[in-house]
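A, B, C and D label the chains in the order they appear, each numbered from 1.
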Amino acid sequence: MQVINIALIGYKFMGKAHSHAIDNAPFFFKDGVKPIKKVIVGRTEHLVKQAAEEFGWEEFATDWKEVIHRDDIHVIDIATPTDSHMEIALEAAKAGKHIFCEKPLGMNASEARQMFEAADKAGIVHMLGHNYRRVPALGLAKKLIDEGRLGEIYHFRGVYLQDWLLDPNFPASWKLDKKIAGSGPHGDLNAHLIDLARYLVGEIDTVVGMDKTFVDKRPKVTIDKKLSSDLSAHGDMGQYQDVTVDDATAFLAKFKNGALGTFEATRFAGGRKNHERIEINGSKGSIVFDFERMNELEFWSNEDDLEVQGYRRIMVTESVHPYISAWWPPGHIIGYQNTFVNEFADFFKAIRNNEQVYPNFYDGWMNNRVLDAVTKSTSSQTWERVEEKSKVF
Amino acid sequence: MQVINIALIGYKFMGKAHSHAIDNAPFFFKDGVKPIKKVIVGRTEHLVKQAAEEFGWEEFATDWKEVIHRDDIHVIDIATPTDSHMEIALEAAKAGKHIFCEKPLGMNASEARQMFEAADKAGIVHMLGHNYRRVPALGLAKKLIDEGRLGEIYHFRGVYLQDWLLDPNFPASWKLDKKIAGSGPHGDLNAHLIDLARYLVGEIDTVVGMDKTFVDKRPKVTIDKKLSSDLSAHGDMGQYQDVTVDDATAFLAKFKNGALGTFEATRFAGGRKNHERIEINGSKGSIVFDFERMNELEFWSNEDDLEVQGYRRIMVTESVHPYISAWWPPGHIIGYQNTFVNEFADFFKAIRNNEQVYPNFYDGWMNNRVLDAVTKSTSSQTWERVEEKSKVF
Amino acid sequence: MQVINIALIGYKFMGKAHSHAIDNAPFFFKDGVKPIKKVIVGRTEHLVKQAAEEFGWEEFATDWKEVIHRDDIHVIDIATPTDSHMEIALEAAKAGKHIFCEKPLGMNASEARQMFEAADKAGIVHMLGHNYRRVPALGLAKKLIDEGRLGEIYHFRGVYLQDWLLDPNFPASWKLDKKIAGSGPHGDLNAHLIDLARYLVGEIDTVVGMDKTFVDKRPKVTIDKKLSSDLSAHGDMGQYQDVTVDDATAFLAKFKNGALGTFEATRFAGGRKNHERIEINGSKGSIVFDFERMNELEFWSNEDDLEVQGYRRIMVTESVHPYISAWWPPGHIIGYQNTFVNEFADFFKAIRNNEQVYPNFYDGWMNNRVLDAVTKSTSSQTWERVEEKSKVF
Amino acid sequence: MQVINIALIGYKFMGKAHSHAIDNAPFFFKDGVKPIKKVIVGRTEHLVKQAAEEFGWEEFATDWKEVIHRDDIHVIDIATPTDSHMEIALEAAKAGKHIFCEKPLGMNASEARQMFEAADKAGIVHMLGHNYRRVPALGLAKKLIDEGRLGEIYHFRGVYLQDWLLDPNFPASWKLDKKIAGSGPHGDLNAHLIDLARYLVGEIDTVVGMDKTFVDKRPKVTIDKKLSSDLSAHGDMGQYQDVTVDDATAFLAKFKNGALGTFEATRFAGGRKNHERIEINGSKGSIVFDFERMNELEFWSNEDDLEVQGYRRIMVTESVHPYISAWWPPGHIIGYQNTFVNEFADFFKAIRNNEQVYPNFYDGWMNNRVLDAVTKSTSSQTWERVEEKSKVF
């Protein structure tokens, strides 16, 4: 049993999801590791103390730098808002600690590149929190594509629709502040779509986008007096503050392999809660996935007789499907939290085997490049090329 | 071109559907026949006159016997309530006229047997109006089963759910009068399920059933002053009348080939409009059909790789599918009325070729036997055997 | 009864659909008109003769100009490829004949404007064949939006997906020839999406698009020896010909009222047959429609209690829904052809009442303007403004 | 913090599910309890030892009686096959230990009654493992029914379909041995349906049923050499053994409140994995639930305007829904294991508050009575009354 001592920086929604996953990974996956929830770190002492109790961490702390340099810590798990990712990651890499970082990796491609280079140079294991790659249905999609069952890819069609900002009185949380979050659904949700597009189809060449802020002033957030691990927030109706990020961003993309892509992310699609839906069409087959029904994959193949061709609703809960043998019998579906368990199990296994894991900081950098190109296009009002790596180095 | 002169007896909902089908059959199917809407017959002169105009019949009449014996009439189309089917059919058979009859064939198996025997002896073409056999998706289901793609059949699961009686003030139309309709959803809807069960699985051996009338008194129907071709009816709220038929009937069945069946028909399933849904499971495959999405057939096969097994949603709109080459391109769906057009085209073709067509009066007799056995069981409170043919002859 | 004599120019897929609709409109809608299928016109005598027989036209002819100027003709129904729409329409307008024209109206906005101006000046009734406005579910969508039940519109999301070109050996029919068709799925399918977007959301201000031809050479079409009324075609595998239209076109749009739109049309989406799917999100509600399930409308409203909010699957088959009272009882679904019947019934009623009907040539012109702007953007690689009317006049 | 020391008897599929739930309950629910996985008990030492390691139990043991009488144990968790439930439960009640027992409670109503009476007399907290009551969507269904939003209930329609026995070479595991399991899908799956029917509709009065064993001989199970926590099993193809339980059981039911019910459970429904689907229709509303999409509830209400009536797909993932505030934000779905976490959290809370929890052994007894009546009916071939409580006491 290899003991892995973890320091988690951040303690809200992702803090809860990570804590749960760290606990459960060794229960379901027998990989010879023993992860320890050593210390949880946050700026506000009474809140981080409460989080330590609720999520079961041995210690809590308020000075992340000090924690990073503790000898007994093996992993730094970054679950803070985006604006602090780089500083923490660079320090952790310098200290030779393995890093798990929530997405998007950096505020922009330049930050992400620095993070990747530091991690790469340090020789650590680095992983990026695109947990949706650990949905079994998407693992199956990847396998089908790799086996050529979709043929040449023609179309990627991705939307990530939520509706939690539909109420104009929902307050201006940190997610709506450009300085902290970098962007709105673009970095939050399009980043997920871009990760899946890169994973399943390939690199994107050029993009053109648009964005919009439908509600540009919202009530100021009341200072949080207690720990909250969901998206809710409370606002002071007397005071308003500018929303400085997009409410919705959509873009067209041309992939390097010739496929066409459409992407859209919004927090204003009434009735859609976590509707990440992708559809891929190739010369031989098609797939459709919707996170709200994440245990299913629709698959159409032109290798079936024409008479019985149709989109199959595959329940991706068989032991032959990715990750499922660790879970439950067929039809006993898994949920959101299981994707984190799968993800952390892979991360711990990579540490134990001292090997790279995907997606990692390289993927985060590539992802940020696409996000940046869309942002640039939104402003230039024209197609933009995703910045070449060669230009950067 | 073979001219086929038709007399239609009855002019309400089915009168409209038949008139439309007779018009459209030669447009879509080029079978060398020229059906003529010669005369429409009804008891109430001003209403049948109006129907003749609306539905485009050359003449109208009030004396059906006279019409049956006209030399220029080739086909008697019976679209009246069930209680008059036998008398009309026997007369038509005697006159040597081909007969199309709406379902259920008779008020009971004894009537149905007499009708079948008369028609059989007369050597006429006789057809029973189970139009759902002409839904392309169900034709495909039949083909898959005949080809053995479902293997040995284990389960038939059929429900036919409607909700038009949910309102207790919906009046007591003739469909709720046992003397005229014979029964409620049992004869109206279970008859359809039984027809599909016999078509797709085989004969039923024994049954046990239950029924219920949830609302046993309803407003008397106001005398219809004008033609109505839908299910609506107007009631006199001051006067009530007994409902003498079932509001819902369900039964269990054992098929002769060993399969198990469950059947349920109701007019009290809120939100279900014409939800005829069947599911068949066999040793190798399964199918699911729902009339409200009648252009689709779900099909599961254990011959697919386990990894990609799943119910396929087949759009049954390809030219390789039954009847579709007469209609529209893929994905351009057809509707309720098209099943009648398909049905009448088959009927006319049978007349032209002087050959039998299915389902016919024999099927109607077999169907009435099952209906009767369920009714008997509902009263005896025990399993009943579907009456053997040998006992009857 | 007002007799309306019709000349139909064109006799393939749309010729069949129109012929059927002209026959059936007076059966289902009692508007005091008697449309007569007088003469069908085509260039190839033996084919148009055959069409006249199959579709039941009194006469056939090969010279459309002559037919237009016949005194006994009241309506010119244009169902030819796009490149001949303008010439025919201008002649018909000059002759004072009412015109029904298939979409898209012109090869470009300039043609469409001339057609509108000629029709407008002539004072005739002119209608454009966007039959999907006559789908009851979309009529209901329009009603809900007009009543404010969706609130302020934020998003329009439309895809029109087909797969009939997925086979690279499908031959190069006239639909793949730019000179005849004008464009590929852009004019064929995006035109439908644009019509619905304008109908349900409003005018589009600016667009940016991309297109692609995935398979740029296909077998030459074998000369048609017989009438074919579907999308099928036969090719000569020895000879290839360039495909000169797009296989797929997608674009982003900003509406004048501030809504964002995404549009995509393709013939390369495997498993999608006639998958016209739109989703509209507003500040109070959302709707979703898919043509392959055209009897259903999904509707979400934030006026429901949060606890029971969800997309409702409305079966749009109640007599309170648009057009349904002419058809069948609840749950007895209608199909593709019924949209044409509804459409022609409205057209005939407008002629009888001597009033305008929608969509008409003005809508066709507005639609062509959007199509043109996307095409221009695809070439300029930047956002383009939809040409202002003021510039044109 | 109240420490609760648990002894778990049984260590296969349910052993894994319970162990996970015991770990996770205090993480998500802050109820002031600290459950301890003290000792796991099984007959085969090397397997129970392995289970203790895998599932994280402090100790393991092979003598369940000894464990029951340990002073430090507060809870006996019974996850063994049905035939040993009574003996263990009676001993545990005698020892005054709280009991959690998997379903069905007893081999028959007589056993179940003894268990209930013993538990009741001992004054312990007793709970029955019908975890599906802890699915948030079914909690919502219960709430809607209790609030009268479905009105008077007319119909309960339940199927529980699986397909893991479709392969005739799947071996004869203990679940197919009547002496150990009591029955096949009847006790395994119909028990779940009956629990939901009682929970949502009420007590059942009379039943009539049928059952069938489609494959009556199967390969003998090879002795398990290692721990397996799913449904898989390995067989010796040379030796066959009789299947002594039903492969499928269906029954009709009349509820005391007048509602009609249909129930069906099978392991031979190809393509159905854990398809527990119920539909309830009342005078004002309807609901539909399918476990394979357990985060959704369909709800239809006739209080909506007719124009927009339809089944709503409610994503039951809002914080206003049962249990959800402990979990994730809207649309971030939960899975099978979460139902056990919810269930054990409720069980622990009941222990802490020293109050009864539902479903408990009384519910188990009532449930066994229905199971027994169906079994009796299957043999008597007639309707049977569910045994009256008064007869038993």
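Here is the rule we go by: a contact is a pair of C-beta atoms (placed from the backbone, for glycine too) under 8 Å apart; a residue touches a chain by one contact, two chains touch by 3 or more.
Every value quoted in this text rests on a predicted model; they were computed, and no experiment measured them.
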Ranking C-D and B-C by C-beta pairs in contact puts on top B-C
Could you find the chain whose CA centre sits the greatest distance from that of chain B? A
Mean-CA-position distance for chain C and chain A (Å): 41
So, in whole Å, the Cα centroid of chain C is separated from that of chain D by 54
Dist(centroid_CA(chain B), centroid_CA(chain C)) in Å evaluates to 36
Sequence positions of chain A contacting 2 or more other chains: 272, 309-311, 315
Can you check the complex and tell me which residues of chain B touch chain C? 13, 17, 19-20, 23-24, 27, 30, 54-56, 162, 164, 230-232, 272-275, 291-295, 315, 317, 319, 325, 327-338
Touching residues (chain side chain C, partner chain A) in the complex: 154-155, 157, 159, 161, 163, 166, 208-210, 212, 214, 248, 250-252, 254, 258, 260, 262, 264, 266, 268-272, 279, 281-286, 300, 302, 309-311, 381-383
Which residues of chain B touch chain A in the complex? 140, 143-144, 296-299, 301, 304, 306-315, 318, 320-321
